[in-house]
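First the structure, in the form of structure tokens, and then the observations on it.
Residue numbering begins at 1 within each chain, and the chains themselves are lettered A, B, C and D in the order written.
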Amino acid sequence: MTVQIVYFAWVRERIGKPGETVELAPEVATVADLVRWLRAQGPEYEAAFARPELVRAAIDRSHVKPDTPIAGAREIAFFPPVTGG
Amino acid sequence: MTVQIVYFAWVRERIGKPGETVELAPEVATVADLVRWLRAQGPEYEAAFARPELVRAAIDRSHVKPDTPIAGAREIAFFPPVTGG
Amino acid sequence: MKVRVQTADFDVGEEVRRLTLGQHDIGAVVTFTGTVRGEAKGRPIVSMTLEHYPGMTEAELERIVADAEARWPLSATLVVHRYGELKPGDNIVLVVAASRHRHAAFEAAAFLMDFLKSRATFWKKETTADGEGHWVDAREADEAALARWAPRPAASD
Amino acid sequence: MKVRVQTADFDVGEEVRRLTLGQHDIGAVVTFTGTVRGEAKGRPIVSMTLEHYPGMTEAELERIVADAEARWPLSATLVVHRYGELKPGDNIVLVVAASRHRHAAFEAAAFLMDFLKSRATFWKKETTADGEGHWVDAREADEAALARWAPRPAASD
């Protein structure tokens, strides 16, 4: 499965890019699986996801939980808790 | 005791004047006493105070209850429940 | 001046700008604007005339503002209330509360309006198309709204 | 358009005027304006940069507005949120809720802000005088503020 991943705020800064297209194996089934997979991609990802409870996710522009399946997703976003307003 | 009385809204309209100066006997000791005394001053006062629970009072520009003593008052106001805002 | 009673209209943006100018401790500004609705009990109204008790109105509004300022940490507070003849759509009242954080600003503005509604000495008379004037009845809900502001035990916050 | 995400400033008075123009069923307009404070944790800040998630931010704000409109009888609703570099005193966000009566307008505006604070995809970075940038931490109180909007039993109101 091919999916577009986007990063915001300090997640983006730590990984060093605003997003990327990745090819995922079928075992990567949920948001939490994807976080585990990303952490193995290099020290910059390890730094961004060191405390996964501080990173939020969205699939196709809706907030999701770590156990949400990613099948069919076009765009998955990772970002810190929001601080607007 | 001499006191200035002022009326507002439909209390003013029913009595037919915005205010007056009255001379009160010592028996007129509270706001409720004054209402009773005024009701006896003519049909226009009777009309204004026909339902005394609908008329509010202020002494020297502070809201008061019917049992508040009027001794020392300079200005006593009667008006319907307020409807600003 | 935190309280103004006037016949003239007001501009919300201009009032907020003037009130908060140069105050960099403000993070939240809540405004309430009350306006004349076009109908009352299903009948179109052509105008609304507000009478007030000069002197007492200002004193009462000052007391309400002082109560709000004692209760929340406010950086700025303003109440502007019009009187005289108004038309549907016209502004009647403006309340502004500014604070560091939003909850204080929201609560203070709601508190100011609740007390203004049941304490400030204004009376509304609506004129319908037939030329008849009707004094607006006070709403029991307005008096009831004060209950939520009953003093709370100091420990609860 | 009920939701706008923009770099440009806004004028509260002008936004309210445009939003309520010709709508004579409105009796109450509540606005919330969030502004950049001059200091953070006791240190002066020189600027604040807001990043957001284009596309999702608008979608999320539209969902929040729709939730508010389902919950209260609102005549008009508006959310304007800025992004980019801002200075102390600058406007960040404007929320407007207009209704026939004041309680709906107050509650809807507070609801919009509470959900915006913990759901809209914005991130603030503060720059202090030494040139260092700090991402602002989310406040637990903002998440906790949502509890008071938990669905109530239909009979309770």
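In the analysis below, a contact is a pair of C-beta atoms (placed from the backbone, for glycine too) under 8 Å apart; a residue touches a chain by one contact, two chains touch by 3 or more.
Worth saying up front: this structure is predicted, and the values here are computed from it rather than measured.
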item: Labels of chains that are neighbours to chain B and to chain D; value: C
item: Computed distance of Cα centres, chain C from chain A, in Å; value: 48
item: Whole-Å separation of chain centres (CA-atom averages), chain B against chain C; value: 26
item: Centroid spacing, where centroids are CA-atom means, of chain A and chain B in whole angstrom; value: 72
item: Residues of chain D engaged with two or more neighbouring chains; value: 34, 102, 113
item: Overlap residues in chain A, where contacts from two or more other chains coincide; value: 85
item: Chains touching one another, given as label pairs in label order; value: A-D, B-C, C-D
item: Residue numbers on chain C that touch chain D, as the complex places them; value: 11-14, 16, 20, 22-39, 88-89, 100, 102-103, 105-106, 109-110, 113, 145
item: Touching residues on chain C, where the partner in the complex is chain B; value: 34, 50-53, 55-56, 59-60, 81, 92-93, 113, 116-125, 135-138, 142-143
item: Interface residues, chain A side, partner chain D - complex; value: 6, 8-10, 58, 61-63, 77, 79-85
